[in-house]
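Step one of this worksheet: look at the structure below.
Chain IDs A, B and C follow the sequence of writing; residue 1 opens each chain.
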Amino acid sequence: MSASLGSTAPLAAPLRDPAARGRLGALVAAIVVLWPLLVLAEFRPAALFETGHLQVMADFLRGFLPPSTAPDFLPLLAKATLETLAIATAGIALAFLVAAPLAVLACRALAVSRIGPGPGRRRSAALRAGTRALLTGLRAIPEVVWALIFVRALGLGPGAGVLALAVTYGGMLGKVYTEILESGDTRSARALLEAGSGRLGALFYALVPSTAQELASYTVYRWECAVRASVVMGFVGAGGLGQLMDQSMKMLNGGEASTILLTFLLLVVLADAASAVIRRVLA
Amino acid sequence: MSATTTSPGATRAYGPCWACVALAIALVSAVVASFAYLAVDWRQLFSGESMRLMARFVAEFFPPDLSPAFVAKAAWGALQTFAVAAVGTLLAVGAASILALPAAGRFGLAPRLAARLALNMLRSVPELVWAALMVLAAGLGPFAGTLALALHTTGVLGRLYAESLENLPAAPERSLREAGSGAVSAFAYAALPLVTAQGVAYALYRLEMNIRMAAVLGFVGAGGLGQMLYFHLSIFQQAQAATLLIAMFVLVFAVDSLSAAVRGRLVPAQG
Amino acid sequence: MSLSLDGAGLVHPNGHRALHHVSLSLASGARAAVVGPSGAGKTTLIRVLGTALRPTGGRVDVLGVDPWQVGTGALRALRARIGVVHQNPPIPPRLRVVTAVLAGRLGTWPTWKALASLLLPGDAAGAREALARLDLGDRVFDRCDRLSGGQLQRVGIARVLYQRPDLILADEPVSALDPTLADEAVGALVAASEANGATLIASLHAVDLALKWFPRLIGMKGGEVVFDRPTAAVTTAMLHELYATEGRTLPVQGVEAQASERGPNVLVLRRPGCQ
């Protein structure tokens, strides 16, 4: 077709956009689905402006400033902050104890029966699959739910939070440890296994040296997340800043709540910074 | 004369890495100090009596309550939890898209700093804390949960969207502006098509996280499966709690699969 | 005067002088080709004329307006009347061809219409008509990242054709096209200029296309205008001197250049196999 102007060849009419029907359909579907969702979620923006709520919120916010610095409150605050840090640290430590052996079990690079393949490979494959399923299962339920269950079972206090962290973060650490180990120096590990070394030997002489930094770095990152999670779990009674804030809010004490919130934000920033520093030192 | 001469420092034996040892000691002491500080009476916790109580507590989870009436209630709770997560995420996408523009520097330095500060604050406060606050502002029920998720997710998505915008090539938008297009149209035709696919993927990923969070927000009164779970555990009805946990599991799995499928098909044309 | 430059100069922030005291003027509806070696400042000249760059010295006047002395509204209206064909079309890959072409009229469309057209193209027939002039009528609803480099370049030209501007500026618009398509594309630009009475300036690296389609040749080298003559008055020697830095043969888009029997002063092009 030459580009001779003046004669526009008769164009095939009419011109239909092939994507038009799909797009209009998607639009209609979205609206049809959105309406019941809004109803289900009891979406009522007007509720924000009901006098009762506005009054409560206004009083609460008015109490926000100034942040409470009452002499009987500050020691409580300090104790709660230390408690939160302790829950996070102890929780991660336990999680590590849970995750490390599970990761070793689930790691394909340490499987002796895969060399050859040798005897017992089906059983060991099943063991690995089972371990991975266990790790997934540990992660499936949010830590707050575990905390609630532990609080019901063991009573209020930080123990519930530590155990909840141990379970869920154990699953998370285990999964990532497995992935990190399998991305390490697997050939050296295999060579050691072929030379008759035990699995722990291959682990510590081949896999860990090449992945130690990454393992440590991820663990520190998880510790930082654990600090936040500890505060959240406190709301269901697992101690720390969260429990303190829950109590203050139930008493509508805006001043204390704002102090705790500020402390929490500060704590998160510090934990962030500490984590970054440690990870940089490790690298 | 075969004297093996060794220069003074050449054959110094390699000692242990002192920095690593110091770090290890610091870590162990931190852990020990934490356990000591918490002063959890582990012996009492894991004593025979306590273990028996625990065992009985766990046993009452099985079998879960699968009566049709309660399963229906659990299903309704799951739908409500999904609605809270979906509406909250949707609101967050809208708010984040709006805040991402100043946060990407499109209106100058001061708005950029202000927007980034706002987004950081929204992000730093955990969803549960927001939910507790929103219960005060909007009353008990799922609306508080929706708002809490919307606020927190706006912070998360806003930062991601701002970074996407900042990494865009400038040529397409510039050429349209030079052809006389208005700012909004140029943005829609030249910047939006480049970020939409990634933006939707981020939103779907956040939806997956928000489903888990929405279930939990009920603990502070924000409706859905969480509120039911809190209630039933408070009165030690473990069988019902087990059903609700199963419902949570199923919901999370379903949303994860759906989100993965949509993200896989995220290749239609923009515009 | 449709456009004029008076002693315009441009120095980049890094100190490089891209234009040096350039003066030229074109009447409305005139057509000129800018030729010269790489780095001569052809792109900078196009960008200055397109109000994309502000000269650091001298004056520029486009379509009767000094673009740097008017307010934003007038500047925007002026830019809507200027169409620029880029060497590498800045088109987002996921955009469909129809939308990329329709974007040509964003300068005149109200915002709501522009946004609505993203979802459902408002004037697909018009887009197709512009594309048909470049042999791309059947690719209207394809995605731009499914096109070859040459096809994408033609989409960029189609966008300007759809825009129907009063001034067409083309910066090496056919560099990625084979000789036949390049010739057709330049022909389409010239035809659009004739049809709408638009002024047309095209910077071309290939000399043969410039000589064939444009009655006026502006030679640039080192940021300066070396000559500004009707094509008939341009000699082979002048062209050789212009492209001296690039070797002894003149760059062409694949047609053979031969000296004619009429004498060594006039360059005549002969397409292989055609008379």
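The rule we apply is simple: contacts are C-beta pairs under 8 Å (C-beta built on N, C-alpha and C of every residue); 3 or more make two chains touch, one makes a residue touch a chain.
Model, not experiment: these values are computed from the prediction.
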(request) Have a look and report which chain pair racks up the highest count of C-beta pairs in contact. (result) A-B
(message) Which chain has its C-alpha centroid farthest away from the centroid of chain B?
(response) C
(request) Using mean Cα positions, find the chain sitting nearest the overall protein centre. (result) B
(request) Could you tell me the distance, in whole angstrom, between the mean C-alpha positions of chain B and chain C? (result) 51
(request) Could you put a whole-Å number on the gap between the CA centroids of chain A and chain C? (result) 55
(message) How many angstrom lie between the centres of chain A and chain B, each centre taken as the mean Cα position?
(response) 7
(message) Give me the residue numbers in chain A that touch at least two other chains, ranges are fine.
(response) 19
(message) Quick check: what residues of chain C touch more than one other chain, meaning two or more?
(response) 96
(message) Please output the residue numbers of chain B that touch at least 2 other chains, ranges allowed.
(response) 269
(message) For a test of understanding, state which residues of chain C touch chain B in their complex under the given definition.
(response) 50-52, 76-84, 86, 90-92, 94-96, 99-100, 103-104, 106-109, 111, 114-115, 118, 143, 163
(request) Name, in rising order, each residue of chain B that touches chain C in their complex. (result) 169, 171-172, 174-182, 184-186, 188-190, 192-194, 196-197, 269-271
(request) Show which residues of chain C lie in contact with chain A when the two form their complex. (result) 96, 98, 119-121, 124-125, 128-129, 132-135, 137, 140-141, 184-185, 187-188, 191-192, 194-195
(request) Enumerate the contact residues on chain A facing chain B in the complex. (result) 19, 22, 34, 36-38, 40-44, 47-48, 50, 52-53, 56-57, 60, 82-83, 85-87, 89-90, 93, 140-142, 144-145, 148-149, 152-154, 157-159, 162, 228, 231-232, 235-236, 239, 242, 245-246, 249, 252, 261, 264-265, 268, 281
(request) Report the residues of chain B in contact with chain A in the complex, numbered from low to high. (result) 23, 30-31, 33-35, 37-38, 40, 42, 45, 50, 53-54, 57-58, 79-80, 82-84, 86-88, 90, 121, 124-126, 128-129, 132-133, 136-139, 141-143, 145-146, 212-213, 215-216, 219-220, 223, 229-230, 233-234, 236, 241, 245, 248-249, 252, 268-269
